[in-house]
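So that you can tell them apart, the chains are marked A, B, C, D and E in the order they are listed, and the count of residues begins at 1 in each.
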Amino acid sequence: MTTYDIIFYLFAAVTLVSAFLVVTNRNIVHAAFYLLFTFFGVAGIYVMLGADFIAIVQLIVYVGGILILLLFGVMLTNKITSVDIKTGTIHLLPASIVLGLFSGALAAIILNTNWTQVETKTAEGTTAALGNLLINEYALIFELLGILLLIAMVGAASLARR
Amino acid sequence: MNTEQLLSDIGFIKPEIAIAITLVVIVVVDLIMGKNKKALPYISIAGLVITGLLVIQQFGTSVSVFKTSPSTSLLVIDNFGLYFKIIILLASLFIIFFSMASNEIKSTYARHGEYYTLIFGMILGMFLLSSAVDFILIYLSIELLSLSSYVLAGFVKNSLRNSEASLKYVIYGGVSSGVMLFGISLIYGLTGSTNLYEINSLIQLQNFPVVTLLIAGLFVIVGFGFKISAVPFHFWTPDVYEGAPLPITAYLSVASKAAGFAVLIRFIKITFVDSIDEHGFWQLISVVDWRSIIILLSILTMTLGNFSALWQDNLKRMLAYSSIAHAGYMLLGLAVLSNEGITAIMLYFLIYLFMNLGAFFVVMLIANKIGSEDIDDYKGLGRSIPYLGVSLGIFLVSLIGLPPTAGFIAKIYLFIALVDAKMITLAVIALLNTVVSLYYYVRVLRNLYLVQTEEKRPAIKMSLLNSIILFLLVAPLIIFGIYFTPIVNFAKSSLSIFGF
Amino acid sequence: MTESALINIAVAILFLPLLGFAVTLLLGKKVKKIYLFEVFILFLGLAGAIAIAYTKLTSLSDAELVSEFTWINLGNTPLLGEIKINLGIMIDNIAALMMVVVMLISFLVHLFSIEYMRGDPRYNRYFAYLGLFTFSMSGIVLTHNILMMYIFWELVGVSSYLLIGFWFEKKSAADAGKKAFIVNRIGDVGMFLGILMLFTTYHTFTFDEIFAQISQGVLPFNSGFWMSVTGILIFCGAIGKSAQFPLHVWLPDAMEGPTPVSALIHAATMVAAGVYLVVRVFGIMTADALVFIATIGALSALIPATIALTQNDIKKVLAYSTISQLGYMIMSLGVGAFQFAFFHLITHAFFKAGLFLGSGSVIHAMHHEQDIRQMGGLRKKMPITYYTFLLFSLAISGIPLTSGFLSKDGILAGSFAFGTLTGNQFFAIVGFFVALLTAFYMFRMVIITFHGEPRNKEKYEHAHESKAVMTVPLIILAVLSIFIWYTPNPFNPDQGWILSKGINTHEQYIPEETRYDFLVPGEAAVVEGEETGSVMYSESYEEAMHSVHVPTMILSLLMAGLGILLAFVFYQWKKVNVDRLAEKYKPLYNFSLNKWYFDELYDKTAVSGTIGLSRFLGKFDSKVIDGIVNGSASVTKGFSTFIGKFDNIVVDGFVNFAAYLSGFVGLIFRRFQTGKVQTYLVFVLLSVVILLFIFNSF
Amino acid sequence: MHSVPYLSLITFLPILGMIIVLALPKSQSKAIKYVTLLVTGIQVVIAALIMANYNYSLGGVFEESSFQFVEKFKWIYIDGFSWLGKIKIDYFVGIDGISAPLLLLTAIVTFIATISSWKIDKQLKGYFALFLLLDTGMMGVFVALDFFLFYIFWELMLLPMYFLIGIWGGPRREYAAIKFFLYTLLGSIFILLVMIGLYFSTQETLADGTRVFTFNMLSMMNVDNSVASGILSPLNPNNLRFIAYIALFAGFAIKIPMFPFHTWLPDAHVEAPTPISVILAGVLLKMGTYGILRISFPIFPEITEQLAWYIALFGMINIIYGALCAMAQRDFKKMIAYSSVSHMGYVLLGMASLNTMGISGAVLQMFNHGTITAMLFLIVGVLYDRTHTRDMDAFGGVAVKMPVYTGVVTVAFFAAIGLPSLSGFISEAFVFLGAFAVDLIRVLTIISTAGILLGAAYMLWALQRVYLGKLNEKWADLKDLDGREYAMFIPLILIIIFIGVYPSPMLNLMNSSVNTMVKFIADAQTIYNSFAGF
Amino acid sequence: MIHVGLTHFLVISIVLFALGLYAVITRKNAVMVLMGIELILNSANINFIAFSKFGNFGLQGQLIALFVIILAAAEAAVALAIVLNIYKTVANINVDEIDSLKD
């Protein structure tokens, strides 16, 4: 077992355990904090996959943006529900069965698939290359994302403001 | 890819740019003008008209633009996409007019700037969706479309049903697109590409594990199915349609569905079709049996749509189910997997645009007055609203698909395609569904005319503008019902999908 | 007169009554005396008929005058070949004679009715109907094809329907009219089928053309059996119209109509049309068919005679006697005594019309009392009526010097001869027995009605002899019931003009092997028959009839005398207590009194069967057939709440099964639409799994 | 040929009338009625002109050149690039001996129905507008020779009929209207499917030599036009012609209505207002049988021959079953409705004979039933107008108060019974003569003759219950017919008597066409058999 | 223990995906549901990056992940706005109680 492997398992453990805690925790604020660890773990996995830039974006956007946003949401809305949040609805059992079937099938298929695997070189910095792609080949999408964010902003604002 | 290439490519997305500019103009004008928002709809209309002219100009071009590699690109400009853009534009134009007439939307006067901005956000999303040939762009356009519509569905903030619709929509949409994204990732994992054309050639060349392709495909279909509200991915539709403001419901039922169909057709045709034989039938690559899947989905969709509609007391909800049923009919056209089938869908959409928007428009005008969309509240209304009533009658008859309305032409083209493909059983099922649909459409007419009530029903005064809009919606149904050469020719000439 | 003139007159007297009908009906309300127009037309008709008959029998005796035109011409059709339907009239001796009978009695009845119907609110309409009847009856007589025969056959049915139900305010009258029409239709359906057989085989309706093809050996389905069936089917029409067993039940009920109508239609002419029909198509009747006909005739002669014994309604007695006499004629045709059947038709027409008109006179005098038990002693009050009535009764009983003796004797001789030739004496025995019964019940009625003491004093006091317009017809008919008009020899009609010149023999056209052996002519007879047309049948049959002539006469006289004697013993001299006799043989008496329970039998079986079936089908239709689509109540009961909602939803009360099913499917679909978005997502995931499993091609 | 487009005139004149009616203000009720009367009156005149100019010797049926008053224009002509080639739908109308009598019938019945509509007072503008629209649909069905056009007219009738029953009908009008609507729509979808199937099985050659798929009915009748790959082409060894025939037949059978698809009829009739019942029974029912004659028979002659026995069987069931059901009814109108079921059975039986007499009888029976049953419904209407009940047991002795009316009733009833000298007899006799001549269906024919008897039974029973007997004092002040009612009845009575006495003009009118059809079906057998070996 | 390879990453992604779905379909609180959606998006992202690395498909995978992260932010904002909105209207964000719109 190489160091790489150890680090991987560490990140994997962090990710999965915290994710598990997120979905099972009764306290929504706790859940939000566990989510933080999940995002960290995923960022770590990105790094392990050689996606350094994405890992950083993950940290900035998810942890710095989305998670904060969610926490705000929790703060603003948890007055009533945080006290008595149940982890299940009456559909819990059937839902779990369906989900089990679904995930089982998915896992079976994915893990049995012979994916294309090529020997890869060790990762280099990807930031510059990504930046190039972003303003050349994927310029359209870059612009699109701009508009998307504008729309999201306008939309969110229109709903949220009094 | 160099800058020159980029600049020349931009020339091909003038309509999209026009939409984006209008969007920005609206935001800016909204900011400058402050409380006075009267100009916004007219700016929108102007923007749409200009866009329309640009779209029409593009007819006949067939190029792929925004290359991501020498052989792949993000967008293609072809007649097929342009046809759907025309439909989207027409629908948008009508929706602007609807919004001007709708009491619901009027009540949000202070936020009209956001309203029209979001509408244009949707239009942009749909435009890109109609031409996208890369999963990245497809996914992002769907998201752009969705984000705008989530907000629009809940636009009347203090209405519970609006908010509820919005919440359901966003959760459902988020999960659907998430699943779709997962599916895309699997396809990417198999082929290493997100470009439909490239994927197609790779599938033809290599033996990918079929079941993985199947599950990935199904995941993708979850996303598309969500947009076109195909059963079993339709569950949000009735709730959101009922809850959302009426113009938005109408818009979702036509434009957003059109974009969804455009991308679905492209997805199936570009990704999984091997070749087209001399009779116009598509030969699928033998990996996933898309034909059977679509047949199953379409039967489920139309049957569930029609049978559930039987039960509805709320006209909006009924129309929601009816639009599900119509999606089912249109899926049949795809199931045929032939050029003729696609022509039928395109024709169907053009006609569906008028009849469905028309029905919603009348419902909206009546709701403006009587404050209800409940079918039972329509009792005895027929005589006090002669023009609205007759128009609604024509829309509903057209939705049933009876001659001499254009709805019949839409249906018969579909059946022609089915019979041509020797899918008689499907045609029979669809026809029986048509009979079922008669129940609930006619029920509205029954309440309007057959039921006699003692109480005096209010007359509805129509503004000149509304009368003109109503006329513009009714007239094509009758004219194209009797003389449908032009629309068929239009649809046929728009059949060309880039690369085939 | 030339032939064409005769034809023209015939056409004129055929259509004149129709004109009378139309004019009288349309002007009836405006012009009070319009009925006289109708009577006048009948007078013209009578004159024309006599002229035709005279000319025909004297100067054109052997000719058959035919005039026809093409009614429908389909040309040469692909599968059926040439289809051309000709209509036309034919005057032969029989038709000419029959026309005289029809016109004469019709004219007399018109006269009689002027007084009898006076004061009726629909006076003119009555005469209009009589005109319609006369037209239709003339049509039957004059037609030269079976289709026209059927057409007029139905038309007399209608006029009979209208006249029986003339007093339609009385339910019994309306019922009787309906019954008459429907019972007749049963026979008509048979006749229609026979016509279908004939047309399918011969592609023509014209008698002569059919006969011509039959003589060339063309038979339905090339078989003698089917020829017999065809004959019997055609005869079915006669069973209905001539009220033969088992369709005789309508005639007694038809007595609900005005009495002159009964005289005209239900005694003299229309009911005789059945006999006339068989006379017309005698040429196609095979031996099998004739035996069937004779059997029906014999039963029809016997059964009503036994019923007539106990009836108390004067018109009912006469009605049953009519059936019985018609049975005689039919039987006579069946045994081959063709001439005597038609002869009896004529004589019977006169004396039976007389009997009815006489009874009409009595009823008129008694203020529409028809029960003979309320009468008695009327001899003194109404002498003319009485003596004519007596004469008619003698005629029907077959007492010498009357016309009835001549014809009836012929019939009995014919059946006797048939018996000796074939060894089957059934028809002769029935014939003689019925002769006894006839004499008995006729004189029973005469005695009770006219002799003895009046039983209902009040009505008796008001009774008086009828006016001349009523008695004159009686006298004319009485005169016509005397032998001298038919033959100089009161004991043998053979020398009379009517048999030698009037009623020409009919040839049989069917293949010889299907005829009665004795009707197959020898070599000589054929030649002779062709030349003169006066030779009856084959020699053997003629010889047999000659040889039984005298025994028959004696036996029939004995029977008639015995009958009359018994009547006097029972009712005049009261040597036997009739009531006690009736009491003693109560079952028999009731059986006769209740008309052998035929009406009850038919009611219980055919009528209630049909109505029951129709009710059942009506229910079946609304419940089951409709229910297959509509869903029956019981199925939906369990879902009543659901249905209650559903009714509102689809269409009020539209508990359509298809809709029910759709609704049910919709209901199931509806369960998924819980409004909970997470549930929706579970369904989506489930669907993906299911789709995956369905389309997985591992 | 004729330069005057008679058929287009007679078909689209009501549309013009409808526009005028719609343009008139609501208050002008007189004007609205007179416009309608004028329009329908002109239709009768045009129909008369058509009959006057009709060439009796031309056969029609499958040959375009022997159709008369033909108008043929390009209507839809799509010159697409698609492999399907050109789509061609013609505006193609014309008549032959099969449709001519029905055209005349439609004109007459509509005219009479207009007179009978005079007393409509509720929403009369809408009523007459829909009425005229319905008129166009009916005329169109009888003149259309292009299947697509035929289908459009066929469906065009549905909606006006729905509203006419649904708005102006009796208490359960909604139920009846939707039932009518659903049944007929269900029927027409089968027709639609077969139509499309036939479209793909038939190509006609254009002037420039290209072959195009076509909706032309006459082309569909010609085997030379078949496309071997078409699913309904006789050249295709795996063709679905048999199933298609049954589907098509079912579609038409619902309209006839044939047992067991008849249950919509009593309901529709009972609830419909009198003039609409008249139209429904007088014209609409004929469309089912007309469709079978015009489309099923010549396009599928070989299957027609195969299934003739079944057609006759259903004819027989209709005759007997309808009659028995009629007998069970208490509701006057329902009884008449069931009598229609019975009488339409004769039409089926006659058609099944596939010979000249039978088919002539069937066509004539359509015409006669149209006039007779129109009269019967008018009769019920007259009584219902005065008493507002249709329960036969509630009447009695009406003849006392309404003698002229009762006279009219008697004529109509006897005509319905098939009394010789009235029109019903001729057609029934022809039907039986034709059917009896066919060995295959002789037994069925014999059973069917019971209909003659049952018909008399229920009709006379009804006559007795309503008109005869003691006058029910409740109706002591009934008034006899008025002038308007005379105007409705007299033309019908004259027609009934005229055809009954002298049917030749009618029979000659249809004779060439019927002969052509019979020959066509008989000859087709050999042609189609030659494909059996494939 | 074998060397960490593609499969390992796929396992993580599948588990995240399943957990995300689990949250979405079982948690009552709307914010929790949104967290579930984020998990789903993350799992897809892991896939993209893993596939692009092990399949040597270039940077496209990472690029997609980048887009998705941006998009997720936008979506989260909108979704949260909607949640807040509904909270203001009904003072309840329990998803399974928001069911006034149904058949």
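Note that contacts are C-beta pairs under 8 Å (C-beta built on N, C-alpha and C of every residue); 3 or more make two chains touch, one makes a residue touch a chain.
Keep in mind it's a predicted model, so treat the numbers as computed, not measured.
Relative to the centroid of all protein Cα atoms, the closest per-chain Cα centroid is that of D.
Inter-chain centre distance (chain D to chain E, centres taken as mean C-alpha positions): 65 Å.
Chain centres here are Cα means. That of chain C falls 38 Å from that of chain D. Each chain gets a centre from the mean of its Cα atoms; for chain A and chain D, those two points are 71 Å apart. Separating the centre of chain A from that of chain B, both taken as means of CA atoms, is a distance of 31 Å.
Multi-chain contact residues of chain A, defined as those touching 2 or more other chains: 89, 91, 95, 99, 102, 105-106, 110, 115-116, 138, 141, 145, 148, 151-152, 155-157, 159. Multi-chain contact residues of chain E (touching two or more other chains): 17, 20-21, 24-26, 30, 33-34, 36, 45, 50-51, 55-56, 60, 63, 67, 71, 74-75, 78, 81-83, 85, 95-96, 98, 100-103.
Shared interface positions of chain C, defined as residues touching 2 or more other chains, are 650-651, 670, 673, 675-679, 681-682, 685, 688, 692.
Chains touching one another, given as pairs, are A-B, A-C, A-E, B-C, B-D, B-E, C-D, C-E. Every residue of chain C that touches chain E in the complex is listed here, in rising order: 670, 673-679, 681-682, 685.
Chain E makes touch with chain A in their complex at residues 1, 3-12, 14-23, 25-32, 34-36, 38-39, 42, 45-46, 49-51, 53-56, 59-60, 62-63, 65-67, 69-78, 80-85, 87, 91-94, 96.
The touching residues of chain A, when paired with chain C in their complex, are 89, 91, 94-95, 98-99, 101-102, 105. Considering their complex, residues 648-651, 659, 662-663, 665-667, 669-670, 672-673, 675, 677-678, 680-681, 683-684, 687-688, 691-692, 694-698 of chain C touch chain B. Those residues of chain C whose C-beta lies close enough to touch chain A in the complex are 676, 678-679, 682, 685-686, 688-689, 692.
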